[in-house]
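What follows is a set of notes on a single structure, which appears directly below.
Naming follows writing order (A, B, C, D, E and F), and every chain is counted from residue 1.
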Amino acid sequence: MFYVDNRLQFPVRVESPNPVFARALQQAIGGVEGEVRVALQYMFQAFGARGGDGRHRDLLMNTAAEELGHIEMLATAVALNLEGAPLSMQEEAAQDPVAGHVMNGMNLRHILSTGLAALPADAEGVPFDASHVYASGNLAADMLANVTAEATGRALATRLYGMTQDPGMREMLAFLIARDNMHQQQWLAAIEDMGGLQAAMPIPNSFPLDQENQDFSHVLLGFQADGSAPPEGRWSQGPTMDGRGEFSARHMEPLGEEPELAPPPPGSGAQEEQM
Amino acid sequence: MFYVDNRLQFPVRVESPNPVFARALQQAIGGVEGEVRVALQYMFQAFGARGGDGRHRDLLMNTAAEELGHIEMLATAVALNLEGAPLSMQEEAAQDPVAGHVMNGMNLRHILSTGLAALPADAEGVPFDASHVYASGNLAADMLANVTAEATGRALATRLYGMTQDPGMREMLAFLIARDNMHQQQWLAAIEDMGGLQAAMPIPNSFPLDQENQDFSHVLLGFQADGSAPPEGRWSQGPTMDGRGEFSARHMEPLGEEPELAPPPPGSGAQEEQM
Amino acid sequence: MFYVDNRLQFPVRVESPNPVFARALQQAIGGVEGEVRVALQYMFQAFGARGGDGRHRDLLMNTAAEELGHIEMLATAVALNLEGAPLSMQEEAAQDPVAGHVMNGMNLRHILSTGLAALPADAEGVPFDASHVYASGNLAADMLANVTAEATGRALATRLYGMTQDPGMREMLAFLIARDNMHQQQWLAAIEDMGGLQAAMPIPNSFPLDQENQDFSHVLLGFQADGSAPPEGRWSQGPTMDGRGEFSARHMEPLGEEPELAPPPPGSGAQEEQM
Amino acid sequence: MFYVDNRLQFPVRVESPNPVFARALQQAIGGVEGEVRVALQYMFQAFGARGGDGRHRDLLMNTAAEELGHIEMLATAVALNLEGAPLSMQEEAAQDPVAGHVMNGMNLRHILSTGLAALPADAEGVPFDASHVYASGNLAADMLANVTAEATGRALATRLYGMTQDPGMREMLAFLIARDNMHQQQWLAAIEDMGGLQAAMPIPNSFPLDQENQDFSHVLLGFQADGSAPPEGRWSQGPTMDGRGEFSARHMEPLGEEPELAPPPPGSGAQEEQM
Amino acid sequence: MFYVDNRLQFPVRVESPNPVFARALQQAIGGVEGEVRVALQYMFQAFGARGGDGRHRDLLMNTAAEELGHIEMLATAVALNLEGAPLSMQEEAAQDPVAGHVMNGMNLRHILSTGLAALPADAEGVPFDASHVYASGNLAADMLANVTAEATGRALATRLYGMTQDPGMREMLAFLIARDNMHQQQWLAAIEDMGGLQAAMPIPNSFPLDQENQDFSHVLLGFQADGSAPPEGRWSQGPTMDGRGEFSARHMEPLGEEPELAPPPPGSGAQEEQM
Amino acid sequence: MFYVDNRLQFPVRVESPNPVFARALQQAIGGVEGEVRVALQYMFQAFGARGGDGRHRDLLMNTAAEELGHIEMLATAVALNLEGAPLSMQEEAAQDPVAGHVMNGMNLRHILSTGLAALPADAEGVPFDASHVYASGNLAADMLANVTAEATGRALATRLYGMTQDPGMREMLAFLIARDNMHQQQWLAAIEDMGGLQAAMPIPNSFPLDQENQDFSHVLLGFQADGSAPPEGRWSQGPTMDGRGEFSARHMEPLGEEPELAPPPPGSGAQEEQM
């Protein structure tokens, strides 16, 4: 269960409110790279954590709590950036017409739906949808998903940092960028803690390898229309990343035939011409 | 651009059609772990690939072509599993009542919307949505996203393998499981090709570290309500995974204050009591 | 069943077409506070109305018919606001560059997808989705949902009113604001007609109260991290709103244990390390 | 910010795991009546709370923390109900064939996507989407939305209670039903705390009433095709619920004309026949 | 504007309620082939109708009114099929265990969310989303979209007809199938009324043909990996359907080069290795 | 299966990059009229093609391959239009303030989520969702759906053509407009190849006409509130389009009664007042 402290994890202040930047910040709340996603993702991974020694569950719950606080910080930042936003087109026209036109670049729902507050949606106004919560029941897959989420999350935060010169916003973002750094490190450390990435692969490592078609486990197949070899690199030669084989490469030809389906049965809604 | 060969990459055959297994297979087509997603993901990563020596773009396009063929294989498997499916409740009742009731477990849209063919949707009938296509413009983040996609994809394929005893389906899945193995290896090899995961971190590694708040870059913050330390592990001590620091851990106290927003301006749709 | 009169319920005219205001108006059509939602909501509540004397079904159908006419009014307003909109970036640049840049603030699909007409989508271009149609089978819950919908709908309409100075648009909105007022009153009156809000609570009032855990029915539980009491107010003392008890308040401590799930069974796709 | 205690708010135990009931429980997690929705709704209302004395913000944050714990309880219940679920169709056939066929009624993603754990989705597998988070910036509208959410939430919980005989599940649900009772009471108390529902109406009460078209503020308009009067009730006579007028009723005739739009401009993608 | 008659357009009766058939019927309400879609589609086409003599607008509004009545009929059919549905798993087990297990095949939200009534969702529980409302501003495209919608709608209705033996349901469906027949005819007649399909093509016929790249207007390009010709048929020889040219066919070779994008600019979130 | 050639089907070049036009181009990628949709639609129609002589399957696969190449062209065009886009609000302000403000009109996710590359989303940032893939199992319905898709696709492309003066973009669009022309022709030719549209109707033509309610198969029913006749035209007189009857028209009166549902059963979550 969760408790709340009404103070913020880190100070949030805005010197020059900017409603267009408020729109941009929404991506860090409700975007696929955002905080609602990771908060729910870590929770649902914890809720379904089976096996192991329980530390992963606890670490996930702990970090979920932190991410909930980041949603709060960012939503506060959105609300502060919306202060002074134009509520009418006349109000806007009366502002400096060169610097103006801010309503064009705003999320209009910041006026129409929330009365100058954050939405659980992304920078284009698309509501967050929880299909992005990856919790696979496989610990290694989940930890990789978490590193990935923090990588795209940090990329987003650095882009937001670059987009603004507001000192308060940069201070907040510099904090969040650091936390995304730490979280990348910590989830990768969790994999090392389990025995390392090499041992974890192929994920899931509990499936008997002799049941997969091992003729195709380590070969880069080429799909170049001219029959040429696929692009060369570390992926086409040398030991595989799990140390269980050697990479190779070759052009692919179809091994199957053109599919043949049975004709449509009567009453299945096809045209007579199909029968 | 793409070309087509109407033959399948690998044979697809079904000995005992099973409409409920057809529903399950949909997850591998239109689920978040499925083939439509990776096909589009590799394409959009390729379409937006900036910088580097071009081999990553080519590798992404090459693998996208393979995944398109996997959609075809799985959609064919769904269509074959639907042959002989009941079209009416009477037809079903006339079957062995103990073995029967298959319509209860079917995706009814396999009858109603497609006339016994696959949908671009998941096992619960939810259509694929392209928000799951991760193409961040950051090569390391994208490659991690790809390893993750192949890890959850392989977990899914092994679960489907366990769900069926049909020899044809197991043969097809054993092939796909092997390809997911290779694809995990190849995307991780791409990271090694770029200099390795350690050098890639924190992602993006192009953001000047002195602009992040480095007091918080390597510390596990604890959010335990009782003030106790967060769970210990590789993530709380020893060198960080990027080799740029040492992990530590400590309890977190709020550094900010309770947020104070300006009252709602007139005309913003609030209640009088709020003003 | 429904009939149509091709005239509008109330006049819709636009003196100064404004394509950005057309975008804003979309929220009142396809937004969660909009008319498509209430029209469908009242319909589906009517279609599923069980029990009672039938007047509620009739009232719902009657008001659904009105809301269908409001969609028409608003869609007409969008189309009129789009007249004269720029179709090309050159056309736009030739306009007054200070007043211009209107294409930046438009919903581009008003040009690209509809040829200058309304979409069943909100102000950010997100299509209406019918999950927002609340029809619970519980009459009191539905009536409250309807008051709520009309409250947010009226808040939206007043914000749109404030956003424009166009006399025709203000005239139309002043009418819609009045109708939202009436509809708030009428759905609340329907609750009074059933016996009033106090008697209706807790909703559903048909569930035997002795089957709920009455130790927790009237107590405000506190989740303050520092163990302090939750915020005080009418909600923490005095008789409850249904008159069946007294409010109280106290801090919450966990009554359960840390969850313990069984380890993952073989073949469930977990890592070996989890087993 | 939030803290976590890894123990559950209330005990969750399952005597007879039932994977179909696990599917049903999903509605209380990721359905529109579920806990993810209210947790986020109370958070975003708090994050955007402007004006007033701050107690509403604190109450919202406090209750959000409770709802987060309810997500955890329900997700744990789902995981426990999935223990022993069939992973293969053969495994299932070996069970009692009369009592069996459980896989037909399961959410197959509980096997395929999560390895026997909860999803942030509803009982039909549709992922939660945050467009259901109502936070309007209007305190009265938000409180009504909250009463509504708790009313449909309690209706759902009583239906789940009726669906199962498992003593552990009934104990958990009896607790949640009580909490939904309290939360209905508390949000309604918050409206009383602001001055009561009568004073709050029409929502928003800050819009000058003389700017709405008051000829239509208190009249039930009839849309009966045969021109008959609309259904009579409390909504058609007597004082309005806000005490500011008297209800009346009359048949509606169109006040506007058939809309006339300008013909499509050249280059707008219409057919020649339209021009 | 719309009026309502509370009687149904056509009788709806159910002799043997079947909750699984209720699930199937949902596709005809909220599916992409369903009635909510066409009702809204015809409305929005009417609302945006520009140019012409106004009869198309009137015909669209007229048919929209009919489709609204079909939603009502189908929703009533769902509610009637749900009467007697099991509310608890115990209740179900007490029924004939061979004929039983109906809850497995039900939409559980018919119990949990609506209390035995219809949802605006499809047979798999996915809510209707209005992105399926095609209203393009081009009359010929819209009329074709309408014929298509009625074609898939009629296919669906015939599949539902085949799925049930209930005389009441078959009577209702036989009526709806006939109406879908008429609606196919009427929208195609509307194209003939405009001058016929040949004159309408290519759609939009208002775009000057000399501005398209006419070397590619009538040639079937082949994308066979082996360089062979594309499949032959009416589409590869003879006059084109608009009578403006002759079909031909040839293999396609790339005319463009491999894309070359500029490297990522500093601050765009890429890896150093990309720059 | 598919192969790839890394060169583009047709040259893509941009002389004057325009980030707002990049937003507009997104509609042709991920919009309902766009290329992702048709590529998947033709694939899934092919994957489910039952009956006939196999040429339709091959034609669908062939054209799917072409459309995949169009996605690539358009995504490349988006990336090229984004080159030089402002990454910060300061950078933008330093540009010509009259021509500027481009960030207002951009899809901010082109900066924040992709680092200046295309998204699989529409012009308003809404991700593509595969529910728009129509593959009905009925060949005539599918071919009509394809003509429709190419008609709206060509309307979109001509609108994009009109929106820009960039010679490179116009050259690319002139090619795509021609291909949409050809594809309209080819799918209509496929219907002719099957025997023509008249023989295909009513779709599906395999359903015995004597099972539909033929009293309603060819009559335009009127839903005018004043009882007047529905609008006259080719749709109300003369032979039907399938040659199987004569059109007629008449006003519609309800043939059914007001629906009567059973009261809610105990335990179904209704209010006591409903029982």
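We adopt the following convention: a residue touches a chain if its C-beta (ideal position, glycine included) is under 8 Å from a C-beta of that chain, and two chains touch if they have at least 3 such contacts.
Remember, it's a predicted structure, so these values are computed and weren't measured experimentally.
Contacts with subunit B and subunit F are shared by A, C, D, E.
Relative to subunit A, the chain whose mean Cα position lies farthest away is E. Between the chain pairs A-E and D-E, more C-beta pairs are in contact across D-E.
The distance from the centre of subunit E to the centre of subunit F, with each centre set as the mean of the Cα atoms, comes to 10 Å.
Centre-to-centre separation of subunit C and subunit F, using mean CA positions: 29 Å. Within subunit D, the positions touching two or more other chains are listed as 1-9, 32-33, 47-48, 50, 58, 62, 65-66, 69, 72, 76, 79, 87-88, 98, 101, 104-105, 111, 113, 115-117, 121, 124-127, 129, 131, 136-138, 140, 155-156, 158-159, 162, 203-204, 207, 223-225, 252, 254, 258-259, 261-262, 264, 267-270. The residues of subunit F lying in touch with subunit E in their complex are 3, 5-12, 32-33, 55, 58-59, 62, 65-66, 69, 72-73, 76, 79-80, 83, 87-88, 111, 115-117, 126, 129, 131-132, 134, 136-138, 140-141, 144-145, 147-148, 150-152, 154-155, 158, 161, 171, 174-175, 177-182, 184-190, 192-193, 197, 201-204, 207, 211-225, 230-235, 240-242, 247, 252, 254-259, 261-262, 264-265, 267-270. Subunit F meets subunit B in the complex at residues 1-9, 30, 36, 40, 43-44, 47-48, 50, 57-58, 61-62, 64-66, 68-69, 71-72, 75-76, 79, 113-121, 127-131, 133, 135-138. Of all the residues in subunit D, the ones that touch subunit F in their complex are 155-156, 158-159, 162, 225, 267-269.
Residues of subunit A that touch subunit F in their complex: 18, 20-21, 23-24, 27, 31-33, 98-99, 101-102, 104-105, 122-126, 152, 155-156, 159-160, 162-165, 223-226, 252, 254, 258-259, 261-264, 266, 268-275.
Taken in their complex, subunit D has these residues touching subunit B: 1-5, 47-52, 54, 87-90, 93, 97-98, 101, 103-105, 107-109, 111-113, 115, 121, 124-127, 136-140, 194-195, 200, 203-207.
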